[in-house]
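Each chain gets a letter, A, B, C, D and E, in the order it is written, and its residues are counted from 1.
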Amino acid sequence: MIEVIAATLMLSGLIFFLCGSIGLLRLPDLYSRLHALTKADNLGLGLLLAGLALYQRDLLFALKLILIWLAVLAASSASAYLIAQYSRRQDTDR
Amino acid sequence: MIDTLIWLVALPLASALATQLLPRYATAIVISTAIATSINAAALLYAVATHGVMLYQIGGWTAGLGIALRADGLSALLLMMAAIVLLASSIYASAYFNDNPLRRRFWPLWLLLWCSLNALLLSGDLFNLYVTLELLGLSAVALASLGGKTAALQAALRYLLVGLLGSMLFLAGVTLIYAGYGTLDLATLSRVVAAGPIAWSALALMTVGLLLKTALFPLHFWLPPAHGSAPAPVSAVLSALVVKATFYLVMRLWLDIFSEVVTPQAASIPGVLGAAAVLWGSWQALRAERLKLLAAYSTVAQLGYLFLFFPLLQALPAGAARDAAMGGLVILALTHGLAKSGLFLAIGIIQQRSGHDTIRDLDGTAQRLPATTFAIALSGIALIGLPPSGAFLGKWHLLAAAFSAGQWLWVVVIMIGTLLAAAYTFRVLGHAFGQQPYPRHPVTIAAEEWPALILSAFATIGLGLAGAPVWQLLKVSL
Amino acid sequence: MLTAHWLYGLSGCLIMTFGLRAVLLNDSLLQRIIALNVMGTGVFMILITIAYRGPDAAPDPIPHALVLTGIVVAVSATALALTLIRRLTEEQDND
Amino acid sequence: MNATNMLFLDILLVIALLSLAWATLTATDARRSVILFIAFGLVLTLAWARLLAPDVALAEAAIGAGLSGALLLAAVQHHPRRALSSERQNTGKLANEKQNDSNPADLKSSVAIRWTLTLFCIALAFVLIWALLQALSSETSDTLAQSVSANLANSGVSNPVTAVLLNFRAYDTLLELAVLLTAVLGIFALSEQRTGYLPAGPVFNGLVSWLVPALILMAGYLLWVGAHAPGGAFQAGATLAAAGVILRLAGKRNIGLPVSKSYLNIILVIGSGLFLLVGLTMLALGRPFLDYPPAMAGYLILLIETAAMISIAATLILAFLGGRPRNREDRSC
Amino acid sequence: MNFDTWLPLFVVLSSLLPGLVMFFLDEGSHRLRTVLNMSGALLKLLLVGVITWGVFHQHIYETRWTLAPGLELVLHADTLSVLFVILSTVLWLVTTVYAIGYLEKSPHRSRFFGFFSVCVSATVGLALAGNLLTFVLFYELLTLATYPLVAHRGTPEALRGARIYLAYTLTGGVLLFTGTVWLHSIAGSIAFVEGGTLNQLHADYHPQLKVIFLLMITGLGVKAALVPLHGWLPQAMVAPAPVSALLHAVAVVKAGAFGIIRVVYDVYGVEFTHELGLLTGLGIIAAITIIYGSVKALSQDNLKKRLAYSTVSQVSYIALGITILGPIGTIGGIVHLVHQGVMKITLFFTAGNYAETLGIHKVSEMDGVGQRMPATTLAFSIGALGMIGIPPVAGYVSKWYLALGSLEAGMAWWVMPVLVTSSLLNAAYFLPILYRAWFKQPATKWPSEKILPARFETQAALLWPPLITAVLAIAAGMFAASPYSPLEWASLITRREYGL
């Protein structure tokens, strides 16, 4: 039973990753691509890690996964902001 | 007695760190380390002569697991030569750099180079050889780039890239050896290795890597600009020792560890390349405009001679003739080391004194510095291989080996090479005679001229007349 | 002889030779340094493949130590090369 | 995870690796190849993890992809727009746009050369793999691996890789620290430190304010755990250097390096210095060089690792700075 | 440490050590330099006297030093080497006195005397060499020591002459070196043994031995100025007078001839060389050189060039003597080694005097020089007459023995005409000089006459050496039969060579 829930969680996570990648390829400009990447991938990763945590059924392992998720969240959002800020500054003074 | 091996590596490293920490006392530290290491090397030479091969297990682990330092006749001789050259060049460098801000940067790198040389000559482990090769390459590039100008930097960069490529190929060879024989220790390897795809491909990879770093003929393009534009004491050490250390490795692989694996056809490749190096190097040296380029191309040629020994040593059956030829090879290498470093130091004096080292308008400076010109003459004699020098004995044995092995081609190459060497040496020495004013006393700058004089005198008279112990010592090793 | 051996071994050899080709062929200095690094990783891959003893057996630690040392040596060489290139471009721009 | 899944993962990984490597090497623009190189490094970390080499995976992520990537990115940032070809240097003339080998003369000769070189490389690869496979198939008794695990007990640490690195082949590591020192001394001799970065905005400052302490904590953990689990001085040093790099990118003036010249010298030299000191004290005690007494081996290794971590971190940060730090009170260090 | 083993080494060192000290001497310290020079020369003369006495009484003097396994540096004093050592020591003493006077105020004297002593030590070492390796070693050292002497003046012509000299001698050196190593690889270490050692070798080595002989004789022929290889000798006349005197009368040229004697007699053995058919070839080349040298000398107006070409032809007398198969011919060849040396050095000294005092370089300027410088011209005449072969000067002894030897060996049909024509040619280019010097009225003003404070016609140091050597030439001719004369010594050598 737990395996079924874990599998669905991981599957949905992967679907979000897929959307993120498609968004990266299809979307017209930088800013929209940033949205696709940061939002979809982070959520996808969260689901994936939740599925994994359930699958392993070990509390310490689950805590580590959450730590990983938090780090990736902070890093990707900060870098998205920086890329956006940098390109806006490039657009304004050109 | 056994600790001399580890002190040969530990002392230069320790003093390199000390000179970085206490720049004010740098020169004092360097000179005292130089003297101590030379005494140490002499003690090792004596120990090897009396007790035979010296082995030192680092960390007390058996050879397979830990790394062993191993000193036999060949490495002890090269260590002694390196110590003499570095001692003389250190004294020379202390005067050469005395008003130069780069002095603080120079000493630590200089001692790290010395440490890597000693570590390489003593190491008995293949991967350890890779690390020492890298340390040697990096410190040599850092020192060569001290020249500061575009030409020096460009040459140093090309030298770095070639060095890294060479080390990477060497590492690939080491990997194959580890895959095939499960051991990295040279002693066990020489017992275990057998002719087969692993041995051939590993040897081929390692040899190409090392030939890149030794600048044998087709792969020599990086050497003339690098040695030509580096500061004098650095190019002396580069030409005399760094290139010689990688040659020592090729010797160790081809003549000691993989000697069964090497087939006559395989051995003729270094021979042919060596012959081409002799002719091309000497010809380029003859056409070089600058003294340093002349000396650098002469290094390419002299290395060619050393590689001529390979097909002969492979052809000669083990016995008196082969030992004599091996002794000839080693004494030729030692003499070239001493003579070339003496030559580069002398050229450094001329360049410092006159601001340039173009051969055409050398007259003024050459006649005002009689001792320097005399040093150039002595090292020139050693490069040509005229009698009082060790190279005369070296070339005698090279020719004798060629005759007894019946390979006549090398004889013609050696004769042409000797004549070309005489041509480019006396092209320089021709400028020593003229009507320029003559100083009252021959030695003008003692601190810089005496090291150059002693080095080339040692090569010409020392090794020429007192060369016999080289052969006794070599009985201890290969 | 494990399937992983020939799979990763082959990829290690190919990466190494690609790297070698790129070092010889490329004319941009920066890309040559990257090629050298890639070539290094190729050799390291062969080393780690040799150490691999199957999914359950413990791998041979010696190649791991060698690769660790190799990585550190590679990064120091790259650092020196990059600084040398930077200094070279500065020197060339003002002469 | 049965065998077929593993094989499937392997094939995927190898394809990713080879395509990334090919893309990195044949990228025409330097910027593109740097970024691809970093991606290649990360995928490589996966490969090491798959081949059960966690220590190497950590090191690859921290040093191979991480710091080498940072150094390359910093170098590419100052890289002139057009490719910095070596032809331009040694011939001195301004080569035409080498961007995409447009001029016919080069193209013709280069295609011919490219093809021969590619064929040669592929042939070389297959010769190597043939020799390699023959080596692996022959029952080479891995005596060395057994002797490592046999002597692991009195090596002072339980992680075999750290044992090999800092006890059995400690001499290699000592020389490797000397290589690092040589590199940084060479960099000092070559140039001054690059100009700093703009001070960071609030978001980046926020990230830095918690990320840097976390990195320092992780470095300490990695150093400590190295004794019995994957980790050790190199990975810890690289993590510490990462903290320094982030501080530098955030435009901070003080990035943890001591201001005064003599202190900086001390922390650069302490790695190999302490290692050598320990070795020589063993010599003084009458034991062979670097032969730690089994009882104290663990502590000695930890001591050496801490010193090494400091040196490695300082070296990598200074490499990222690009040269001698320009201190406020005295010009050159 | 018995004295006998170190005596030959002391002989070589007695001039080498002062030479090396002089290199580093201050340019101004004339007195110290002269003392060093003279003490070195006298000490060597003393040591050589001891050796001569010893060798005469069958005493063995030998110094051995191992350079490498199988390669030994051997200095062994036998009869032939003692002859050459006496010649070079005596003439070096005389030339040093002459050189001190000649180079009174010229620069680079420390360097000059340094190389001068090294050159003599090389000659003596070469003479005392006990095996082929030592001979080659000192042979090449001689080249190195003489190059700076030829280029001493530093003028463009001097540098050009030195360059040509070096090109010839180094090429010769390389050929000799290769031949020696080849012989060494076939026959092991080759010691100089009276009667030669190679005849025991197996027959199928003979073609190789022939090629080796060719290589070695070409190498030695360069210094012995055999015809195609003599180009450097006239060019090297740009050197100062003492250099051309000592080098081209004693050291360099004789080294080549001495080498040929060693190779033919003490390495191959004269019968074995004849058996290989090489002797007649050498003889023909020698004959051609004799004629060619004399003919070229006729057309030379420059006095030193004329003397140079005369040297070219005279040295080949020695080569000719060697190729005459028989003791008498050999005696003639060997004794000419000494006679030619003594006579030619007198001529060069006198030529140097003319150049130094009156600035005369050309034969055409020598009208009436006899009145102005009677003593020097007297010495010149003695030398010239000796060259032509008129008794009582020493020249006629060697020509007499050469002719007698060719008769005895049955080769007279071509040797006699060569001897006769060359003597006539000698007369043709020497007598006009004598006539011009003694019987013609002197020109109004000498090209560049120096006013010298000396009582005699020129400085004492420049006057006495030619007179001494002239007296020696006459003595060698008059007292040829006395026990210690060069002729007696040459016959002693030949007796031992032929094992009579």
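Operating definition for what follows: a residue touches a chain if its C-beta (ideal position, glycine included) is under 8 Å from a C-beta of that chain, and two chains touch if they have at least 3 such contacts.
These numbers come from a predicted model, not from an experiment.
Visitor: In how few steps can one go from subunit A to subunit B if every step must land on a touching chain?
Guide: Graph distance in the chain contact network comes out at 2.
Visitor: What chain pair shows the greatest number of contacts?
Guide: Of all chain pairs, the one joined by the most C-beta contacts is C-D.
Visitor: Computing the C-alpha centre of each chain, which chain sits at the greatest distance from subunit E?
Guide: Ranked by distance of C-alpha centres from subunit E, the top chain is A.
Visitor: Any idea which chain sits dead centre by C-alpha averages?
Guide: If one averages C-alpha positions chain by chain, the most central is B.
Visitor: I'd like the Å distance between the centres of subunit D and subunit E, where a centre is the mean of that chain's Cα atoms.
Guide: 73
Visitor: With chain centres taken as the means of their Cα atoms, state the distance from subunit C to subunit D in Å.
Guide: Here the centre of subunit D sits 10 Å away from the centre of subunit C.
Visitor: Based only on mean CA positions, could you tell me how far subunit B sits from subunit C in angstrom?
Guide: Centre-to-centre distance between subunit B and subunit C: 29 Å.
Visitor: Per the centroid of Cα atoms for each chain, what is the distance between subunit B and subunit E, given in Å?
Guide: Centres of subunit B and subunit E (C-alpha means) sit 43 Å apart.
Visitor: Using the touch definition from the top, which residues of subunit C touch two or more other chains?
Guide: 16, 19-20, 29, 32-33, 46, 50, 62, 69, 73, 76-77, 80, 84-85, 87-88, 92
Visitor: Residues of subunit E touching 2+ other chains?
Guide: If we look for residues of subunit E contacting two or more partner chains, we find none.
Visitor: By the touch rule stated above, which residues of subunit B touch at least two different other chains?
Guide: Residue numbers touching two or more other chains: 127, 131, 134, 138, 141-142, 145, 154, 157, 172, 179, 184.
Visitor: Okay, what are all the chain pairs that touch?
Guide: Going through each pair of chains, those in contact are A-D, B-C, B-D, B-E, C-D.
Visitor: How about subunit A: which of its residues touch subunit D in the complex?
Guide: The contact residues of subunit A facing subunit D are 71, 74-75, 78, 81-82, 85.
Visitor: Along subunit D, where are the residues that touch subunit B in the complex?
Guide: By the definition above, subunit D touches subunit B via 86, 89-90, 127-128, 130-132, 134-136, 138, 140-144, 147-148, 151, 167-172, 174-176, 178-179, 181-183, 185-186, 188-190, 262, 265-266, 268-269, 272-273, 276, 279-280, 283, 287-292, 332.
Visitor: Spell out the residues on subunit B that touch subunit C in their complex, using ranges where they run on.
Guide: Listed in rising order, the residues are 127, 131, 134, 137-138, 141-142, 145, 149-150, 153-154, 156-157, 160-161, 164-165, 168-169, 171-172, 175, 178-179, 184.
Visitor: Which positions of subunit B touch subunit E when the two form their complex?
Guide: 320, 323-324, 327-328, 331, 370, 374, 381, 386-388, 392-393, 395-397, 399-400, 403-404, 411, 415, 418-419, 422, 426, 430, 433-435, 438-443, 464-465, 467-468, 470-471
Visitor: Mind listing the subunit D positions that touch subunit A in their complex?
Guide: Within the complex, subunit D touches subunit A at residues 201, 203-204, 206-207, 210-211, 214.
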